[in-house]
Structures are given as structure tokens and as C-alpha cells.
Amino acid sequence: MSRPARLVLFLVAAAGVAALLVVAFLDLPPFGSPFHPYRDRAVAAAVAHATANVVGSVTFDQRGLDTLVEETILLGSVAGAAALLRPSKEERENTTVPEGGRVLEATKLTGYLLLPVTLLVGIDVVVHGHLTPGGGFQGGVLLGTAVHLLYLTGHYRALDRVRPLPVFDSGEALGAAAFAALGIAGIIAAGAFLGNILPFGTFGELLSAGTVPVFNIAVGVEVASGVIVLLAKFLEQALRVQREAVS
Amino acid sequence: MVPSADPAATHLAPLAFTVPIIVACLLLALGRRLPRWAVDGLATTTAAAVAGIDVLLLMAARDGRVVTWAGGWTPVDGTTVGIALVADPLGVGAALIAAILMLCALVFSWRYFDSAEAHLHALMLLFLAGMTGFVLTGDLFNMFVFFELMGAVAYALTGFKIEDPTSVHGALSFGVVNSLGAYLTLCGIGILYARTGELGLAQLAVALRGNPPEALLVTAFVLVLTGWLVKAAMVPFHFWTADAEAVAPTPVCLLFSGIMVALGVYGTFRVYHVVFAPVLPAPGVQCLFLVFGAVTAVVGAVMCFAQRHLKRLLAYSTIAHVGLFLLAFGTLDAAGTEGGALYVAGHAGIKSALFLMSGVILNRYGSVDEIDLHGRGRHAVLLPWLMPLAGLALAGLPPFGLGMGKAVAEEAVATAGGWWAVAVFVLVSAATGGAVIRAALRIYRGTGRAPEASPPGTEETSGTDEEAEVSGLLQRVPLTMLVPIVVLLLGALALGVVPGVSEAFHAAASRFTDGAGYVARTLGAPAPLPAPTAPSGWTLSGVALSLLSSAMALAFALAALHHDRLPATLRAAARPVAPVLRGVRALHSGHVGDYVAWLFVGVAVLGAFLAAGAL
Amino acid sequence: MTAAIAVALAMVAITATAVVFTGDPVRQAVTLSVFGLTLSVLFLLLQAPDVALAQIGVGAAVVPLMVMLTLRRIRRHR
Amino acid sequence: MTLYVYLVAGWLLLVGSLGIVRSRDLVHTVVCLSVAQSGTYVLLIAVGYQRGATAPVFGSTTPPSENVVDPVVQAMTLTDIVVSATVTALLLALVIQIAKRHGTLDPDHLSSLKG
Amino acid sequence: MNPWLAGAVALLVGGLGPALWLGARRDPVHRLVGLELGGAVTVLILLLLSQAAGQSSYLIVPLALVLASFAGTLVFTRLLSSRP
């Protein structure tokens, strides 16, 4: 199809889809209405399991199966991206690591200062996921990003040293495996897959919500390792992998 | 008190997808340190274990459904916050097919990809987990998540041969189109949730009970179906299929073609029967699937016959067969569903065996171009017999299971659609079978004219530069590649000859179409048994039609091979077909923008069609 | 509250359009980051801090880094 | 207001798809796909909103009340965001390989799969 | 409308608006200015919104944004130039 033909075809079809959407939207309950039957049940269930962050309760306790699969998607995608970004037959990996570019001294200093802060905030977001906004995924992303401040402030070599990839490769897989294994532990201990098997504790305290914080930590480990591995593969492609000189 | 099977059986459903996930994690964690044989062994054993779990679950679900509430959130007074896994015989049967095909694929790949680390095996196991979960879950959003798992892993598997330009290109088109379809599905889920506040299939059905067929439901139905139908490769959502299946590694093609596209059909009709059957009038939906099924079947068959790239030919034949699945399931009754399910199972065996044969050809001769391979296989021993046989079986040769499914389905669509639907069945299966036989005769017997050097720059994908998947071409076919082929063909044969198969499929189909029973059993109410209907099986007319389509397949193949010897009148009659064929081929442009435009055309047309029928 | 949500929604829609109609991927990557900012404001306005956090983590750092590294790899190849 | 909110969600979906159709560079295609997906975030979060309610996070101080927005759609959106990030990563990885194998990223010039 | 919210709307229109304008026009470096301005304004808006909702737990969001947008801006300052 030529470009104009494709565009016209799409616009006509999109108009049809838009009409479908509009007629459906007109039948929806008004924006901001108090009709949320699932919400009412989910809040009650979260309070019953002493989980202050209801989103955390839905994510890991009530609809934990969704999250198990979500983490498996992450695992599969990181493994898949790693496989797709492996050096191909005619490429090799540069062993000399480029030390990149000039970065302002002030930027470097800020990077150094913010690295530990970001790590701490990331850990806080993971650990308090069942009490305050956040959780394993959000904290894990912050942790994974924090390490890359080293590259961004011009220390790719330092990053390469503090980031032994095989460790994080395994860390990601073991985090995901821990999630699945906790699911099976639910069968053994409570007779229900992904059942909440730990004591619920007191509402609002650090040790509460049963297994939710444990799931948060498993996911945090997986996501942080996953982000590190993923970005490492992209960094390798961008900085190190080169086509073999034809000899 | 709800009659429940053995309580231990309720733990089988989650194990069926958790076990492969855990093993995949282990493979990824230890992959570098394990020797290749251990990786192969572990992956194969896991696939076998999943198949075993599926068999146990199938036995437990034989007389009904096994319901598992994840997290132990069993409904109280019909409401809950949890996710149900609902295993009914048809769903578990699909999971079992997936596990068996995975087993064959993994055995076949023992000699494959010498360089790859454990990534391929881990991804394959995650793919199996995704497929298994998709058919077992009883929750719409959970279906979406498993669908995305299947999708994400499948994109990576499709592009796995990174040295092959077509491979990465096909994977990207697949990824974009399939993801967009999934997002439309999610929009549909969002609209349904806004209206009902529910996500479980059974809970949605309860919340919608007594609702008039309004515009919102039409939109939600079409949007939810879009993702599933993209996976199912229904025209005009099918464009990614040939591009992806022609370029993926052979063991992956086998799973895509054998079961993944059929799961799209499964999702479509699962959602219809449980959630939408009471609120959308059946005649409109039936008509929709008859029309779209027939168009899909014809487009797939025509494109299939026009291919010279062996794997592309098989991919288009899969699209043609998906059209036939849609016709059969689209009758919406137990008989048609029984025929469709048998057809899917038989097709899985035959088509997978054919894909494995194309893999053997690729790794032995370094090409999958039928013209280029003319007569190259003269000295081969077993495949020259097996490949035409599989072609005949694809056309419906009795007593293969595919033929029985075809016979049962034909009878059902004749009642629902009319004689033309039967004609589509016969012609389409003959054309796809004929294309396979043509290729087999050309490659293994050197039938027809020897190739002339084809002019460079022709606008078609030939398959001469396809990258072989082993280091160095094979001198002889190893046993690990031959055994899965023979096993798959024998399995397809057994489906048609073992007594009781038809009865079992009929029972499964009547459960599948009984949406009210599904809802009641899931939410813990006693479920009335559906009124028993008589199972069909082989009938005289069915055998006759199947023999007819097999004979026509042979005739098509010979006519294509010796077209210069056909009578002049026949050739003149065929001449106007050429520009039409060129036009249809030109639409399959490999351009992702085109594919997305067609995706929206499909959604709009589906919506208009259904709105006209329902409102 | 409604007014604030309406304004934020308009900004989300406008920025998304700007992202789509920016043909050059390098420029688009910067605008994509801005789009992520507007989304996070909208999410917090709609009382979804968990989602806003996830959007900030993904949209402000990880995705831009992946896109820019991809572009660098491609530029180096050419 | 209701129609306006949902129309913005629909607009994101459609304009992202339009971007894919018009795209001349595959990196641009992948980014447009993520814009299309953000339409689903907006739709879901808007569905869960309730006027005057706060986030479904009680912390250790606030007493649990019913007047909170829907946590279920927020959990769904979180999953959606994870899917978006991972699919973007996979597709970008494929784009890198396409650039290497084809030497171009313009979909109009990729011609390895036709017919 | 409480004053915190009014302030947030004012910043939304008067701060984030110009940032969008800068961030969606001309070459990447100009857009980067828009992104930097947008990041700073968004942090303020998120702070005001936390106040407006009376939820101190929301404050983690602007905090995370400060950290992430520092990294995000560095991505561009580092990779927009031609050096590796």
C-alpha cells in the first residue's frame, strides 16, 4: 500500500472504532461515581488481612496470581531481550571498556551523593510497600536505576565493577522463583495456592499483612536485578559489541 | 454443599503453570553452569511432568469442572475478591495438547542451536506456562495477563535467530500487532469493569444477567475479542502470522501453528459462552463467525497454494484452518464445538509433524524453497512417504482424527450455515492438503518441470536464504528429529480410530457451550447438567466428503505440477484469477503500518457487523 | 478538583499528540519523558500514588535510557 | 466531564496507533506503541476514580474508611505498566537487530517479507 | 477548592504548560530545557497535590521524581552528545 492509501484506510477505520468507543462511553457510569462493588469488597478484605495499602493487598494477596504472571512476563522479557541482544556470529565484545566523555565535576558529585539516597529510597519503597504507596516493583525500578547513576555520571568502568552480571542474572531468576515457591508454600501450609500463610499482625505496623511484605521483597529483588541486566545488555550493545574486522 | 472432586485435584491447576515457571527460573539461574544434556533433560522432563499434571486434571475434570480459588478466596454468597482457575475438559484438553507439542518440540531441538545457552529452553517453558494458564483461568483480566506472557515470550522466540534478517523483521511485526490487539482487549476489559465492577468471567455473567443488548456490550465484546482474534489469525488480523511463523525456529513454529492460534479461538468462544451468550443474540454472533470464518479460510487457502516457501506455505494453511475452526465453533452449539475441538486436536498433530518435516528439510538441504529443492530429496528414505501422507491427512483423509473432526464439523455447519459452508470446508482443506502434496512430490520425487533460474528481484519470499538451525547441514536425519514426527502422526491417527474419542469430545463440548453451568459451578451453586445430546462420529457422508477432499487435494497437486499439460480451456479459465491473486499477495506487504491499519479495519467492521445484528 | 483533572487530561492529550507527531526519534525521546511527567501528575490527581510512582520509575529513567542507548547503537552502526 | 475523560483515553489509543501507521522509523513506531498503551492506563484509572475520595492507602495513622478510590484498577494499571516497559524493551532489542541486518529502520524500505 | 489545589492548578497552567511548549518544539537540546523545567515544576505540583489531599504518604512520589528525573536528565545530557 502507498503511504496515502494506508493513511486513508486507517483514518476511516479509526473513525469507526472511535464511534464504537463513544457509544460505549455514553453508557458508562458517570466519572467519579461511587459505584465500585469490587472496591468495597477489596477494602474489607485488605482490612481483614491487616494490610494498610489496599493496592498492595490486591496486588499480592487478593489477585496475587496476576502479579505472579506479571513477574513472569518480566522474567521472560529480560531473558528474551538478553537472548536477542547477544553478540551475533560475526560480532565480538570489546574487552577494553570505554571510559566515556566529560561530565561536569558538579554533576559527578551530585551523582555520587544521590546514589546512596536513591538506594535508600528504593529500599524504603520496597520494605514499606504494604503500608505506604509503592512496593516491590516501584522500589525495584528505583534500585535498578540508582546503580546506573554511575554510568550516567561518567563511570562506566565503575559500573562494570560493582555489577557482576551473573549475580544479577541469578538474582532475577531467584526472585521470580521465590514468588512461585511462595505460591506453592501456600498450598502446603494453608491449602490454597498463593494463600497468605504468615500471621497478619497489627494493622499499620511494619510486621503486618502476612506474606505481602515477603512478596514485595521477592519482587523488589527480581525487578532491581532485571532492570540491571536489561540495561546492561543495552549498554553492551551501545558501547562494546563490535562487528569483527574482516581479515 | 457443592459436589467437589478430590480436594487434591484443586491443586493441580496452579501447579500446571507454576512448575514450568520454577524450572525456567532454575535454568536461567544455573544455565551457564549446566551442561547441554542436563538443560535438555530438565526441560524435556518438565514438559512431560506438565503433560502428566494435565492428564490427572483431565481425569478429575472428566465429569464436570475443577474450580480452584487462588489465595483461598472462595466466594461467600457468590462474591469474592479472588481469581478462580476453572478447569473444564475442553480447556484442560487444550493445555494437554500444548504440553505434548512442547515435549515433541523440545525432543526435536536436542540437536538444535548448539551455541544457544539455556535461554531458549527457559523461554519455551515460560511459553508453555503462558498457554496453560490462559486456558485454565476463569478471570478476564488474568486471561489478559497470561495472554501477554504468551505474547512477550513469543516475540523473543520468533526473533531468536538474530542473524536472519527475516526473523527479526517478522518478530517486530508480530510484537507490534499483537500488543496493540492486547491493548484493545484491555480497553474492553476496562469498559466491562466500569459497567459491572467485576473481572471474573462467572461474576461478569452474573452482573450482566438480564441486561438488554446495548451498544456498550457490543463495543466491549468486539474490543475484548480483538486481542484473542489477532492471536487466532482471523482475517484481517492475520497479517503477522505468516511473517512470524515462517521465520521462527522450527520447534517454535510447531507451537505457534499447532496450538497458539487455536488458543485465540478458545479465548473467543470461552468469553462468548460464559459472559456474552445471555446478552448478545446468538444469530448475529453466529452469522459473524460464519462470514469471517469463511473469508479467513478462503484467503488462507489461496495464499497457501500460492507459496513456494515451505514454512510460509504451512503458516498460510494454518490461517485457512483457523477459518474452518471459526466456522465450526461459530455454530455455537455442542455438535459444532465437538467437531471444531476434534479438528483442532487432529490439526495440531498433522500440522506440527509437517513443521518438523520442514525443519528437517531446512537442516538437511539448507533451504525451504520448494522450487529450489526440486528433486533434491530423491534419496531420502522415510519422509518421501510421510510428507504426502500428512498432506492427505491435512485434507481430511480417514481415519485420521482431523478427518473425523472435519466430518462432524461439516454436519454442524450444514445445519447452521448451509451447503456453501460445507463447500468451503471441502475446497479449503483440499487446497491446503494439495499444496503440501505438491511440495512433497516436487522435493522428494522431482515431479514437474525442473526449475529455471528465477528472475532476481521477484516480489515474494522464497526461503532460499533461510538460516539453518544446526551447525553444518545434517547428513542423515537423527532419531531425535524423526521420532517426534512419527509420534505426532500416530497421535493424529489414534484420535480417529480409538473408540470413545468422539464421545469424550462431545461431553467436553457440551460442558464448554454450557455457560450457565460454568457460572454456577464457579460461584459454588449446584450446576444443572446440560441436556444430553447424541455424539456424532464418523458418518457415511462424512467419510465420503473426506475422501472427496483428499482426492481433490491430490488432483490440485498434480494439476499444479503439470499445469502445462492441462487442457487449454482450463488454463484460459484460470487466467482471470492471476490479477486477483497478485492483488491479495500485494496486501501482505510485510509493512507494520499496513498491518495496524488493517487491524483497525477489522475492529470497525466487526463492530458494525455485530451492531447491525444485535441492536 | 474536577478543574485540575480536566487541565491535566488536556495536557496529557496534547503532549501525547506532540510525541506522536515528532518524527525524529531523538527529539521524540525527550518529549516522551515530558509526557511521562504529565501522566504522573494525572495519576496523583486521580488518587493513584502507587501508579504515579511506577510511572515515574519507568517513564522518567528506564525507558528513556533504553531508547537513547538503542539510538546510539543504531547511529554507531550507520 | 465523563465523555471528556474517556475520550482523552480513546484519543491516546488512536493517536498512538496513527503514529505507528505514519511512522518512518521503527524506534518511533515502538514509542508510539507505548503512547497507545498509555490510553489504557488513563481509561483504567479514570474508571476507578470517585469524587472526593482519597487513595486506598491507609498508612498507620488514617483509620480505614470506605471513602477511597478503586484499588483494583490501580493494581491492573501497575501490571499494565510492567507489560509496557518489558514489551518496549523487547521491541527495542528487535529494532537494534533489524538495523544491523537491514541497514535501515524505515518500514517502507524493509522488504524481506512479502506475499 | 483548597488553596493548595489552586496553587497546583496555577503551576499546572503557568509552569507545566510552558515546559510542554519548550519540550515539544525544535531540536533535542531545546526540548531538554523543557524537560528540565517540567521536572522541577512537576515536583512542586506533586508536593502541592500531596498537601491538597492531606496525605503525607503521597510525599514519596515527588521524592522519587527528584531522584528519577536527575537520572533522566543525565541520560539526555550524556547521550545527546556524540561522545560515548
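Each chain carries a letter (A, B, C, D and E) given by its place in the written order, and its residues are counted from 1.
Here, a contact is a pair of C-beta atoms (placed from the backbone, for glycine too) under 8 Å apart; a residue touches a chain by one contact, two chains touch by 3 or more.
In UniProt terms the chains read A, B, D = Cation:proton antiporter; C = MrpA C-terminal/MbhD domain-containing protein.
For clarity, every value in this text was computed on a predicted model and none was experimentally measured.
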item	value
Neighbouring chains common to subunit A and subunit C, by label	D, E
Where subunit B and subunit C are represented by their mean Cα positions, the distance between them in whole Å	37
Separation of subunit C from subunit E, taking each centre as the mean of its C-alpha atoms, in whole Å	11
For subunit D paired with subunit E, centre-to-centre distance based on mean C-alpha positions, whole Å	20
Length of the line joining the C-alpha centres of subunit A and subunit B, rounded to whole Å	31
Touching two or more other chains - residues of subunit A	6, 10, 14, 17, 21, 25-26, 28, 32, 36, 38-39, 42, 53, 55, 58, 63, 66, 70, 73, 77, 80-81, 84, 88, 125, 132-134, 137-138, 142, 145, 148, 230, 234, 237-238
Touching two or more other chains - residue numbers and ranges from subunit E	53, 55, 57-58, 60-61, 64, 68, 71, 75, 84
Sites on subunit C at which at least two other chains make contact	1-2, 19, 22, 29, 47, 49-50, 52-54, 57-58, 61-62, 65-66, 69-73
Contact pairs between chains, per stated definition	A-B, A-C, A-D, A-E, B-D, C-D, C-E, D-E
Complex contacts: residues of subunit A adjacent to subunit D	3, 6-7, 10-11, 14, 17-18, 21-22, 25-26, 28, 30-34, 36, 38-40, 42-43, 46-47, 52-55, 57-59, 63, 66-67, 70, 73-74, 77-78, 80-81, 84-85, 88, 131-133, 137, 203-205, 230, 233-234, 237
Residues of subunit C touching subunit E in the complex	1, 3-4, 7-8, 11, 14-15, 18-19, 22, 26-27, 29-31, 33-34, 37-38, 40-41, 44-45, 47, 49, 52-53, 56-57, 60-61, 64-65, 68-69, 71-72
Subunit D contact footprint on subunit C (complex, rising order)	1-2, 5-6, 9-10, 12-13, 16-17, 19-25, 28-29, 32, 35, 39, 42-43, 46-51, 54-55, 58, 62-63, 66-67, 70-71, 73-74, 77-78
Subunit A to subunit B touching residues, read off their complex	1, 6, 9-10, 12-17, 19-21, 23-29, 35-39, 41-42, 45, 58, 61-66, 68-70, 72-73, 75-77, 79-84, 86, 88-89, 166, 169-170, 172-174, 176-177, 180-181, 183-184, 186-187, 190-196
Touching residues (chain side subunit B, partner subunit D) in the complex	141, 145, 148, 151-152, 155-156, 159, 162-166, 168-173, 175-176, 179-180, 183-184, 186-187, 190-191, 193-194, 199, 242-243, 246-247, 306-307, 459-461, 585-586, 588-593, 596-597, 600
